[in-house]
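Should a chain be cited, it is by its letter among A, B, C and D, assigned in written order, with residues numbered from 1 in that chain.
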Amino acid sequence: MTIRVGVLGAGGKVGQAICAAVEAAPDLELVAQVDKGDALETFTEAGTQVVVDFTHPDVVMGNLKFLIENGIHAVVGTTGFDETRLAEVRAQLTQRPEVGVLIAPNFAIGAVLSMRFAEQAARFFDSVEVIELHHPNKADAPSGTAYRTAAVIAAARAAAGVGISPDATTTELEGARGADVDGVRVHSVRVAGLVAHQEVLFGTQGETLTIRHDSIDRSSFAPGVLLGVREIAGRPGLTVGLDPFLDL
Amino acid sequence: MTIRVGVLGAGGKVGQAICAAVEAAPDLELVAQVDKGDALETFTEAGTQVVVDFTHPDVVMGNLKFLIENGIHAVVGTTGFDETRLAEVRAQLTQRPEVGVLIAPNFAIGAVLSMRFAEQAARFFDSVEVIELHHPNKADAPSGTAYRTAAVIAAARAAAGVGISPDATTTELEGARGADVDGVRVHSVRVAGLVAHQEVLFGTQGETLTIRHDSIDRSSFAPGVLLGVREIAGRPGLTVGLDPFLDL
Amino acid sequence: MTIRVGVLGAGGKVGQAICAAVEAAPDLELVAQVDKGDALETFTEAGTQVVVDFTHPDVVMGNLKFLIENGIHAVVGTTGFDETRLAEVRAQLTQRPEVGVLIAPNFAIGAVLSMRFAEQAARFFDSVEVIELHHPNKADAPSGTAYRTAAVIAAARAAAGVGISPDATTTELEGARGADVDGVRVHSVRVAGLVAHQEVLFGTQGETLTIRHDSIDRSSFAPGVLLGVREIAGRPGLTVGLDPFLDL
Amino acid sequence: MTIRVGVLGAGGKVGQAICAAVEAAPDLELVAQVDKGDALETFTEAGTQVVVDFTHPDVVMGNLKFLIENGIHAVVGTTGFDETRLAEVRAQLTQRPEVGVLIAPNFAIGAVLSMRFAEQAARFFDSVEVIELHHPNKADAPSGTAYRTAAVIAAARAAAGVGISPDATTTELEGARGADVDGVRVHSVRVAGLVAHQEVLFGTQGETLTIRHDSIDRSSFAPGVLLGVREIAGRPGLTVGLDPFLDL
């Protein structure tokens, strides 16, 4: 039996990619596409079981209210969820405890796994540094992902009582050794022809371990979204972040 | 309080490296070094708590018998343990259930983590291939580690119902697509100047994840051995492989 | 003063990308776009100095005849040029010796440089292997570029009297050591999420040199085409391949 | 016919490695080994044709004087040659114009080729950054090689009229974007388990080119020294740097 899927924000670039991915999956059926101005009732009329929402912070809370009230599971990539908003969603879910809602800032499975593996490896190596590489139009350095990765690594090392990475540098040209995020060095490379890449380099006596994620296409969120769609019915309540769905 | 450590096979290349590593660790104390011809009683006389054994299949079973009988924990890198030998060690341990014995084929933490991460990631990606790179004096291709890695990945994919990696190749120069290990392609590169390296490359729509391990020095077993030494007292009975000590 | 540029095959995917690249270049002016059915006279009427031709083997010879007769330089990415066709172009150029024609199978500068550097480095290293990595929809293994790269390396080594790369493999799972192209091992990796990548790995005692080219977008031909457009007026006659324009 | 080779500083670590490399080469014959306290006449008595000098700045000038006067070619890895010293060597060579002297700061062929290729590629790409990776005991960041590489790239770009790499960074955590060497960003990674590595990353629309050098053993100077020994007789006068011997 297939899962009946609806898409919110179906007319946008991301929405179209998700519609295409759902249609290409033999175990999923695309039964409703809703865009700005369309009625949310389209979902209930079509017997939708799961809705994917990649819309806008201004409308996502209303969307979720409707979906939860109508017993429809939701997989949400829309941004702007702070603690207040998450609390509100949780409160609504108490009325319909069988409904599942997944809200994730990043659906690229490779990115999620990279961070998890980095966290797991962190305490076993003397040294660790993060190198993130992006196209030169990026405004922030380091990237948000690199910040989070370094913070997660630093926390894991601190919890295990591992000290700071050794570094005998006495003469440094300003900036050569990168930025310091919670004691982890992060280097931001900006080169034309790149998209979004990150390398976490661990090292100890005689060996290094590298975890590298390369994202060359925005479509990389699709497999993670489909994973959410397939599993959400079995995970009632609110889940934040794709990690729990990976059962690592 | 420091742990009192002894080394068996202390005169060999590996044994010397382990002695040096123990001496360099502030929480460990090297209290006994035993080599061919020396009496095992050296360990009991020195009040040794943990012995590291990197000796030879011909003598390791006798060593373990002595250590277990005397309530000394053992961390063993000696090869040649088949099911019969492991069963024998387990039987001896029933007499001294408080003693811990760790027997591992590979103490390089990076190698152990690589394989574990590859196993965890296996079911999330459409494609996976293994590239192992070694010095040109190596006799076997693929390496034993690459064989095991591919087998572990294949098993994880099969268990999750993931099919074989897609491959539209219709014209192949013999060997170009590598060897087939349980449906996973493995490529063996042999180039002067390399030591021992392995890359597991996963890919799905728009993204790839790479797990790479570089070992450039035989001393890379040392951190894993020290980890075993520190933890063995808290893990009575027989443990095979370093993985359980990593608490992943 | 800007160069007045026309594009043949302007309606195709590649043609559109070239038009966009020309328009974005401050020193170039896009004065004529011609597609199937349009008259070639558009170029002469517009005072075109250089025409870029990414069309089809069926029409390219007629296009070139017209361009040469009218004293217009040509930069050609259309395929299908064998020795007979090249001879014909050379013959036409004797009538208009001031006209320049550049015909190249690959305009990606990174690919051209990779092959040149591989050729230059070939004789200095004991070992060399080629690893090419592509999306899994590719039909041939190795890629055409990998074949040519291996052949060029093999020729450079032979010319310098360098023997075959050392290899002590005695036990090989079929295919593990890759394909043999003129004595150079070539490995073809096919993984979803990849586009087109190639790594040439050289090694000698204690060191390795890697030349890697990553192409993640078909637009990678644009900078090479623009280079050809800018330089063609100064290089009368027929040039085959982008290399001579790089002045290495 | 073999070349008769002598080694100065034969007792040191590097000297021993060179002696071993000479002895392993079928076209070379090790006829004289001289260390501190030994007479330089050992070379003349043994009919030495080429002497390799890896000694000390304090003695190298005297060594060279003797070798040049006796018509013996020299391949020199000793450091400390400034313009004054080079001028002195040139002056001595006017007396014996048939003698060749090669003085090079780096004999690792991979390092020399890397820098050359980086220089050749520099003007064809919008972007370039340098990432150098070393063991954590290194005192200076960036490495001397990275400084020189960046300077060579910057000069080649300036000569070709190529502007600075694009960079839209507006929010930077201090140091994230690396150090600025003549307008080229350089990142210095320090991780245990590494030896000496450098990556030059070029990029333009849709493609990147990476030139990477990995040195994992100090013996990597040997092939470059042997190349010098074999070619020096054919290159009379003073040569600084191994580059000219590579005939690129």
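The criterion applied here is as follows: a residue touches a chain if its C-beta (ideal position, glycine included) is under 8 Å from a C-beta of that chain, and two chains touch if they have at least 3 such contacts.
On a predicted model such as this, the values are computed, not experimentally measured, just so you know.
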item: Contact-richer chain pair [B-C vs A-B]; value: B-C
item: Identity of the chain that, by mean CA position, is farthest from chain B; value: C
item: Whole-Å separation of chain centres (CA-atom averages), chain B against chain D; value: 39
item: Approximate Å spacing (C-alpha centroids) for the pair chain B, chain C; value: 46
item: Separation of mean Cα positions, chain B and chain A [Å, integer]; value: 33
item: For chain D, residues that touch 2 or more chains besides their own; value: 125, 193, 202, 204-208, 214, 216-217, 220
item: Contact graph of the chains (line, ring, star, complete, other); value: complete
item: Chain A-touching residues of chain B, taken from the complex the two chains share; value: 21, 108-111, 113-114, 117, 120-121, 124-125, 202, 204-220, 222-223, 227, 246, 248
item: Residues of chain B defined as touching chain C within the complex; value: 125-129, 131, 133, 136-142, 165-181, 185-194, 201-208
item: In the complex, chain C residues that touch chain A; value: 193, 195, 214, 216-217, 220
